[in-house]
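The first chain written gets the first letter, and so on, giving A, B, C, D and E; residue counts start at 1 in each chain.
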Amino acid sequence: MEIQLFKKPQGVKIIEGFPGFGLIGSITTEFLVDHLKCELIGRFLFEDQQSTVLIHKGKITEPLGIFYNQKHNIVIIHSISAAQGIEWKAADIVMDVAKQLKAKEIISLEGVGSAVPTTSSNIFYYTNVEKNRKNLEGLGTKLLQDGIIMGVTSAVMLKTKTPLTCFFAETHSALPDSKAAAKVIETLDKYLNLKVDPNPLLKQAQKFEDKLKSMMQQSQDAQEMQEKKQLSYVG
Amino acid sequence: MEIQLFKKPQGVKIIEGFPGFGLIGSITTEFLVDHLKCELIGRFLFEDQQSTVLIHKGKITEPLGIFYNQKHNIVIIHSISAAQGIEWKAADIVMDVAKQLKAKEIISLEGVGSAVPTTSSNIFYYTNVEKNRKNLEGLGTKLLQDGIIMGVTSAVMLKTKTPLTCFFAETHSALPDSKAAAKVIETLDKYLNLKVDPNPLLKQAQKFEDKLKSMMQQSQDAQEMQEKKQLSYVG
Amino acid sequence: MEIQLFKKPQGVKIIEGFPGFGLIGSITTEFLVDHLKCELIGRFLFEDQQSTVLIHKGKITEPLGIFYNQKHNIVIIHSISAAQGIEWKAADIVMDVAKQLKAKEIISLEGVGSAVPTTSSNIFYYTNVEKNRKNLEGLGTKLLQDGIIMGVTSAVMLKTKTPLTCFFAETHSALPDSKAAAKVIETLDKYLNLKVDPNPLLKQAQKFEDKLKSMMQQSQDAQEMQEKKQLSYVG
Amino acid sequence: MEIQLFKKPQGVKIIEGFPGFGLIGSITTEFLVDHLKCELIGRFLFEDQQSTVLIHKGKITEPLGIFYNQKHNIVIIHSISAAQGIEWKAADIVMDVAKQLKAKEIISLEGVGSAVPTTSSNIFYYTNVEKNRKNLEGLGTKLLQDGIIMGVTSAVMLKTKTPLTCFFAETHSALPDSKAAAKVIETLDKYLNLKVDPNPLLKQAQKFEDKLKSMMQQSQDAQEMQEKKQLSYVG
Amino acid sequence: MEIQLFKKPQGVKIIEGFPGFGLIGSITTEFLVDHLKCELIGRFLFEDQQSTVLIHKGKITEPLGIFYNQKHNIVIIHSISAAQGIEWKAADIVMDVAKQLKAKEIISLEGVGSAVPTTSSNIFYYTNVEKNRKNLEGLGTKLLQDGIIMGVTSAVMLKTKTPLTCFFAETHSALPDSKAAAKVIETLDKYLNLKVDPNPLLKQAQKFEDKLKSMMQQSQDAQEMQEKKQLSYVG
């Protein structure tokens, strides 16, 4: 299937968030889409993956939705499709959108595992634009010196030639981590001058986390029911 | 293999039912095909799945049969082929039939898992036609606010541009759930003004359930025998 | 690989027997090939399956042999290749042979699982030629009212347009069932007027069963040896 | 990859030995290549299998080497690549070489499982040339009356139209069986009039067996180390 | 994806190091790239493998980097991508680079398992250039008489026609073995007259080992977190 792009704003900055450690990418972009009241300008379906639809407030949540915020000329790629096994393809999608929209920058959001359990989450950055480092360090983020990145972001890092900024939120488990996501939003707010009220962030992120957790639970239950059925019915 | 369509009535409403939670889709469409005395106008074989034939009253039950009821200009896609792993392909078949028959509406029937065990089954709806909501709520169904849909219906929801109405029957297990299916039939009767006598519904649905259960058991036994044989014979 | 057909008699009746429940199809067709002293007129190799050769009386038994009996103008497709996973392809082979030989009828032999343990085996039939029912019931077979058919026969049932008669022998386990096979032979004898002496049937079938059992055992031993070797040798 | 044939002697007899029960084929052909001081005239690489190189006396042992002995106009296909899963392809290679070299005969060497543990190994034969039976029985070998053959030889038996002679050494386990291989060499010596001194055979075969056993052990250790590494390193 | 080669120095010697036993190839080539202050002239991405990025000193470490040292006209292929399952493809890449750069020699570095635990590591060699043996033995390395080689080096050995020298470091486990790698570097230094100070080698190699170990640990943790997440989230 082709990427569907209904509208092609030019010279945008692209923020991409796929599920990963702590679901950082998905929680953060979901908050942004919701908060910045974006418009859906594109979508993609991974038809070689199991079909699942998430319904929220009576509407379909796009498995991979491409949203546009005109005020800041920002495009948000928000995905809730499991990234495992489709990293390279997903990266190609991000890069294809970047090309079609002549993107000035790609901003990738990802969790990074932390060996040492800490109570607060650090935000690290990576950039392929040397002169952007000073700017990024002014935001209170630190260069990721050593680490291993997996997921869609890793494939984007290896392939894109577009100016790229990655924000890595340190997470301590693979469970949805709304606190770490809130920190990413704070950083993004400063970086892109989005002027979002930082106060309700954590609370709202908590709500997202709860919603995602309950969806995850439902999905798991569904999976289990499905498997039982599979055992007992051969159509 | 291509879809075989022997007859192409135009402007129809399509009701599709594949196995899923509680086998809602299959039980419901089987009842309709039986009750409305439909005519077989098409079929499809999933040749990348194991071959299994269900014989009923000395006749082959089509794994995926396409039936036509002239009186109400309704086409019923009744499938007893396991939907696991073929959701996208099955959705493409539904959409292809819709296109060939210039369908005015697709009506999808699916079970949806319920976390809380209740004795009665609610019917929820989803529609991609905003103005149809009032009508649907008049039937006593409620908009599915939050949930996760899997199976063929989820793929249809993500892909079709035809007006779509989904009825989700709340089921509490993956076992065949004739009570929930009977509720779907009641709702469909009101929605499409089929004027079927609602009294024998539950009883009849119970019979379907028993038949399907015994078929499932036979199929499982067959599978087990087959596996034993597999171990002891290499031809 | 293509079907090899060295000779193309026309207007034949085709009897096909693949392994299945109780190995009914293979035992029966092996008996017929032996008893009617047929001539090999074709063969097929499933090259996507493991290669195994059965040697009998110093000669190779064709994994799938196509035999011709001129006296009754009958073609027998006798297969000892495991049918699991190749049902559709095998059905295509049967149908291709039927087409090349302008077959008047396909006769499929298959075992069908019986839930209730009984001492005797019933023979059931299915036919796609309505007017043939009376004739078939005159043979002492009963229409299969309800059941689930798997294996090559199920795929033939779903695909062929040639007049089709299926004989299902009720078997109680997946082990080779020579008694049930003997009943099938009796029925076939009456149906096709083969005039074979029914007396030595059971005895002979017992011998086939023993041979097949011992082959199965050898094959299993070979498999086990092979697996041990696999563990200890990487070439 | 194509078969590499550097030299194409015509009208040869081809002896093929792949690993199988007791590694009969590989041990025997290795002895012949060594004893008859053959010249490498071809090779083949199975690139869909794991890459492994066996070094012997500081030289690479070809995974599948094609050797020529001019004196007897014999070509030896010696393979140490595991035959499991590549039987059909390997048979095609043997047949392709036979075709290119206009081979007069293919001689296949294989182990055959023995249900009854005996101290001595019998050699059985199979041939597709009826009139060669007398000759073969004069060698002290017996026609294989009933049995199941697996491996590359089974696929050659089903496909080749070249005159084919198979020697099956009865083995009692899947472990390298140098005694059985020595018996095959004795038989081959008589059959092809190779005039090899039969005295050092068993001793030499024992050495081969030891070498192969130690290689197998090394390979297994390597595999195990590799697997441990796999667990702890993701590059 | 194609091999990217930004610069094509001619007549070079190529040193290739992929992960393998004791990570010998990767540790050694990483040291060389670092020590000889090479320039990146090419890269390759294995897009059919999981995407993972290793960040070191704030920079991306190429999964497979091709480096050039002008002073010695040496090209180093340094890979940290797991070699399991991609041996043939990786060998094709090495050979393709050799062809494009008209390489005079390929030098492969690999670990070889040792059955007997020893405290010191021997370096063995293999070469396809007979007359180079004397030279190689002057370095204190011994011809590998008997052994089994796996990994990328084995596939290069079977396929390349370029003059090839392999150095095998005896390792006693699959864990990163910096001592063995240091021995390889010493040997390479003598062989290629690199004039590197041998004193800090072991210390430095130890550091590499620690870094790789910690990366491995991180990667493993990441993998485990990912798997947990996988269980609990279906997007």
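In the analysis below, a residue touches a chain if its C-beta (ideal position, glycine included) is under 8 Å from a C-beta of that chain, and two chains touch if they have at least 3 such contacts.
Just so we're clear, the structure is a prediction, and the values are computed from it rather than from any experiment.
Participant: Any chains in contact with both subunit C and subunit E?
Facilitator: D
Participant: Following contacts chain by chain, what is the lowest number of steps it takes to reach subunit C starting at subunit A?
Facilitator: Steps on the shortest route: 2.
Participant: What are the mutual neighbours of subunit A and subunit D in this structure?
Facilitator: E
Participant: Rounded to a whole Å, what is the gap between the Cα centroids of subunit B and subunit E?
Facilitator: Here the centre of subunit E sits 57 Å away from the centre of subunit B.
Participant: So what's the Cα centroid distance for subunit C and subunit D, whole Å?
Facilitator: 35
Participant: Which positions in subunit B are in touch with at least two other chains?
Facilitator: Where subunit B meets two or more other chains at a single residue, that happens at 50, 52, 63, 148, 219, 234.
Participant: Beginning with subunit C and moving on to subunit D, name the chains as they sit around the ring.
Facilitator: Order round the ring from subunit C, first step to subunit D: C, D, E, A, B.
Participant: In the complex formed with subunit A, which residues of subunit E make contact?
Facilitator: Residues 45, 47, 50-58, 60, 63, 211, 214-215, 217-219, 221-222, 225-226, 228-235.
Participant: Under the definition above, what is the set of subunit E residues touching subunit D in their complex?
Facilitator: Interface residues on the subunit E side: 19, 21, 23, 26, 50, 52, 63, 79-85, 87-88, 91, 113, 115, 126, 143-152, 154-155, 157-159, 173-175, 212, 216, 219-220, 223.
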